[in-house]
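For reference, the structures are reproduced in the following blocks.
Both complexes below contain subunit A, partnered by subunit B and then by subunit C.
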Partner chain A sequence: MSVLIDSLLAILIVYLALQCLLAPRLTQTVFLFFAFGLALALAWVRLGAVDVAITEAAIASGFLGVLFLDALRDFSFITSGKQESSDAANHSVSKKKPAFLSLPGVVLVLGLGLFLLITLEAVWKVPESGGLTAATEALLPESGVENPVTAVLLNFRAYDTWLEMGVILLGLLAVMAVGGIKIFPVHRKTPEDPVLQQVILFFTPILFLFGAFLLYFGKNGPGGAFQAAVLWGAIGILLHLGGRPVLTVIPRWLSQLLLIMGIGFFLMLGFLLLAGGASLFEYPPSYAGVLILIIETLAAISIAVTLVSVFVHLNQLNKEESN
Partner chain B sequence: MTGLPTSPLPALLVGFPILLAILTLFFRPGVKALVGLAGCLLTALLAFIAFVEVTQRGTVIHTPGGWDPPLGILLRMDALAAVFIGMTALVGGFISLYAWRYLRAQDPATGGYPLFWPLWLFLWAGLNGLFLSNDLFNLFVTIEVISICAVALAVLSGKAGALKAGLRYLLAAITGSMAYLFGVALLYGSTGTLDLDHLGQVLEPGTTTTFALLVVTLGLLIKMAGFPFHFWLPPAHSNALAPVSALLSALVVKGAFYILLRLWMEVFGVGITYAAGQLIGLAGAIAVIWGSWQAFMQTSLKLLVAHSSVAQLGYLLMIFPLLILPPGVTADSADWLSVTWTGGVYQVISHAIAKASFFLSAGIVIMAVGHDRIESLRDLVGNMRITSMAIGLAGVSLIGLPPSGGFVGKWMLLKGILLSGQWWWAPVVVAGSLLTAGYVFMLLRLAFAPAREKEPFRPVPKTLEVVALLLAVSSFLIVFPADYLIQFLENSEIFGSGIEAVLKGGFYGND
Partner chain C sequence: MTITELFTVILLVAGCFFFLAGTLGVLRFPDLFTRLHALTKADNLGLGFIAAGMALHIASPWAAIKIFSIWLFTLLASSTSCYLIARFQKEKNPPKNRKEEG
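Let's look at the complex of A and B:
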């Protein structure tokens, strides 16, 4: 039975990926991408990696999907002047014969197929090693948390996670580099939409509570800073769309502090430990649990603010270009 | 764990630049540049302290979190890491000085591209982290940091050409990262470890190992713009701001080469065959000829310099076939190994310095005449003596004429080639040098030629010219400590065992 489910899921993922690539319209591509992300999340659940599944659904499908939809709307806005149909989201990607039917296309497809076969052969032959699971289990009591994933991310390999927090911040800096140097764009008032206002009123507390739940229970089960951050970030994006731009009304230094709080506190803690003669991020065992919770909370806030900033910035950038 | 002395320096080399990068975010654009410059100079100072520490005490390690590998991550600063970190500090320090003056002059309205400083400091931390890391997955994270910074810096000017080239760069960089990560997943899946030392001990030959080695190498080749994956480099490097072009060409591409060198020498012993070495050497040889020829054919100054990078990176790939023993040769008789790999490292350093100087000089010329056609070099000597001299000296080092650093690197490579008996690489080195001489002398001929019409040279800040010249002079000064540096590298215990790993695996690895 489970083999049947897994096979169907595998076929579905490949099918959705292909459809995503071959869809004639960008709108279809984006919605297929949503579906593809969710199918992939299901696959992670089947593989027993619930943490990855939540992150996949939240970031890859949710947040990226929102960015794509936003880009699509602005894209249609830009091209609307040039095309007959004002709904340029229906803009056709390729009107001529698909590229993969030409001779170089056939060679490429065959080459890719061969590569895929070798890949499958290599993956098939991976011997069972168990990885570092045993080592993680053995040292789990010393880590201060009970979820092995959290233990690896925030304690055993905290250095990797700290650098990854830098990567997320760099994502925002890169977006700002593309669009000039404004730290936060000036907000323009959008007309009030009563339905949207109701949605915001209804979802804000739920998203906040659910995020806090994921954050706190990440100590013991699936969940943690990244997953919580996406939910909290969703609040910020909703508020922004509803004409309540939280990030642009608070003072600039405060929004910047919120952005760097996670990585900054983590680093300062590391330096303090270094000064005390320990290694970077070598928490005293009795405080490990508390410290991890503080780091995760601050990191979740920072990541949420970063995600909202990316959205706000791109949103503004596209509007300026289309004007 | 390994009995090596622990030191906080490796942690500081990564943490300190990131702390400064975060700090710069809080300042107004004008102040940001000052804080950023101060941060860069302090980071360079820290790197020199660390370099001296390693020369005195030998290899030092640090385990973040206090967990031993393979569960935890090991940062190790051995001779090779120290040399690369020192090189980054030397070249990066000069480029920072140049950038401070250059960016202000380019864009006075907004205080001169303020985002340059946090991005460059993050990039520096990423490079230091990469050189120190002894963990396959941590290496991936540092590659990510470096790639995002590099792409963001490449598009900083906001011009359409830069954005287009930047997007292509981003796609190539992501493809490279994904290929590398896929290989890492396969290796972790089959061995259960990510620590390089541990992996080198437990890795067994087989389909999975060979395939993992293949995708990891492919990914890194894309990252270091090895032929035929060099397509993204010329547009990305030539469209960036001058100090950014220098950073990308001198330092960023060397990161991927560093990982490739470490993995091939320390880890992949069992999977590497003689044929694989010949293949990667062939890619390097084609890059040398093709890149030099392309450089020779360019009509725009920065594109010429960028294509020259493709060629110079080719030399680095040509050391790999020499590190693998042909059939029937034993480890004891292979006396060319150390001259080859230390020569390769020396080539990395001299190229970094010379190419940085070249790109900075090109930036000065473009600033003075307002466009980057090669014709603009006409009568450069009459107008900008310092910059003419910088271009001349950097060019001589790129050709590999004595007594430049480039000469030492290429000479050692040639020596390795002839000693190993793989003579077929020698004509490539010579032809590459001749082609390089071709485009460098073409530039110099124009620089001495009288001006056709009165094209005005606008005045350029003297600081810029002096920094470019200092770098060019450094590419000659590094000849003096050459003996010392090479001995320092040869005596490092890590590489002693590293070479053995390849020898043991060597040709017979897959049998």
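Let's look at the complex of A and C:
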């Protein structure tokens, strides 16, 4: 029975991915991508990787979905503004089509074939002795947490997580580099819909509580900084969309401090540990639990603020372009 | 098959029926407002049935409360988004009144 469900899920994911790529309209692509992300999250649950499933559902379907919808609204503005020139555009596209089919098409087919071969080889040669699971399980008591995923992410391979936070910050910097850093005007142009306001106010404490739960629960179960950060970021995005732009209210130095807090604390801790004679991110086992909790909390706040600022910057960009 | 399992199956089948009806409505109804109606009403009811079935199946009060709150949050979120989409559409191009009623 479970084999049946798994194979249906696998077929569904491949089907959704194909449909997502082949959909004729951008709107369809975006919504199929939502469905694809949720199906993928379900697959991760079936594989027993609940941490990945939550992250997939939260980031790929949730946060990316919001960004995609925002971009979609932008595109619809652009196309509605350039309706009259669409005929000319259509002609040029239809002329270009044979060229598109010939060279990039061949490259695409070659690349796909190569990718399939590599995947087949990887599946064929899958290691039999369960990879590094045994080593992780053996060192788990020293890590200060009970969830092996958190132990790997924040203790054994803390370096990777630290760099990932840097990557997210770099993403924000790229958005700022393209759009420019602005002191946002406190705009109240959004029509204050009473229903939306009430629902946002209802969901804000729940999202905060649930994020905090995921953060704290990451010690001994699925959850952790990234998942909590997306939920906390959702609060900021909801409030922004509801006409209460939080990031514009707090002073700029504070938001900058919040942005770099996680990665900064991580870095300082690493240096202190290095100065103390240990290697980078080698926490003393007796403090490891507390340190990981502090790092995760600061990281979650930083990532949440980063996600909100990415959204706010892009949203602001769109508003200016559409005006 | 115990009586609990029987009820679980009945509830799940009822939930699937409402999901099917909602999907059929989305595919067959003519305009956005009727489609929204099919999507939110029928799907929420279907989700409620499935949630009840799962709560009965798991048979632990904490899990039941969690499942019930999932249903509650989905209800709130989906009805709000339904309202927002309908309002946006109504402002963009108002529906043609089929029959003016006094």
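Methods note: the second predicted complex is superposed on the first by the 275 of 323 C-alpha atoms of A that agree within 3 Å, B and C clash if a C-alpha of one lies under 4 Å from a C-alpha of the other, contacts with A are read in each partner's own complex, and residues count from 1 in each chain.
Definition applied: a contact is a pair of C-beta atoms (placed from the backbone, for glycine too) under 8 Å apart; a residue touches a chain by one contact, two chains touch by 3 or more.
None of these values were measured; they are calculated from a predicted model.
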{"item": "Three-chain arrangement built on subunit A, subunit B and subunit C clash or fit", "value": "fit"}
{"item": "Which superposed partner A:164 touches (first subunit B, second subunit C, both, neither)", "value": "first"}
{"item": "Contacts of A:60 with subunit B and subunit C, given as first, second, both or neither", "value": "neither"}
{"item": "In the superposition, subunit B vs subunit C on subunit A residues touched", "value": "B"}
{"item": "Which superposed partner A:195 touches (first subunit B, second subunit C, both, neither)", "value": "second"}
{"item": "Partner chain in contact with A:206 - subunit B first, subunit C second, else both or neither", "value": "second"}
{"item": "Subunit B versus subunit C - smallest C-alpha distance in the overlay, whole Å", "value": "33"}
{"item": "Shared subunit A contacts, counted only where both subunit B and subunit C touch the same residue", "value": "none"}
{"item": "Subunit C - residues contacting subunit A, complex", "value": "73, 76-77, 80, 83-84, 87"}
{"item": "Residue ranges of subunit A in contact with subunit B within the complex", "value": "118-119, 121-123, 125-127, 129-132, 135-136, 139, 155-160, 163-164, 166-167, 170-171, 173-174, 176-181, 253, 256, 259-260, 263-264, 267, 270-271, 274, 278-283"}
{"item": "Interface residues, subunit A side, partner subunit C - complex", "value": "193, 195-196, 199, 202-203, 206"}
{"item": "Residue ranges of subunit B in contact with subunit A within the complex", "value": "6, 8, 11-12, 14-15, 18-19, 22, 25-26, 29, 62-67, 70-73, 110, 113-115, 118-119, 122, 125, 129, 137-138, 141-142, 144-145, 148-149, 151-153, 155-156, 158, 163, 166, 186, 188-194, 206-208, 210-212"}
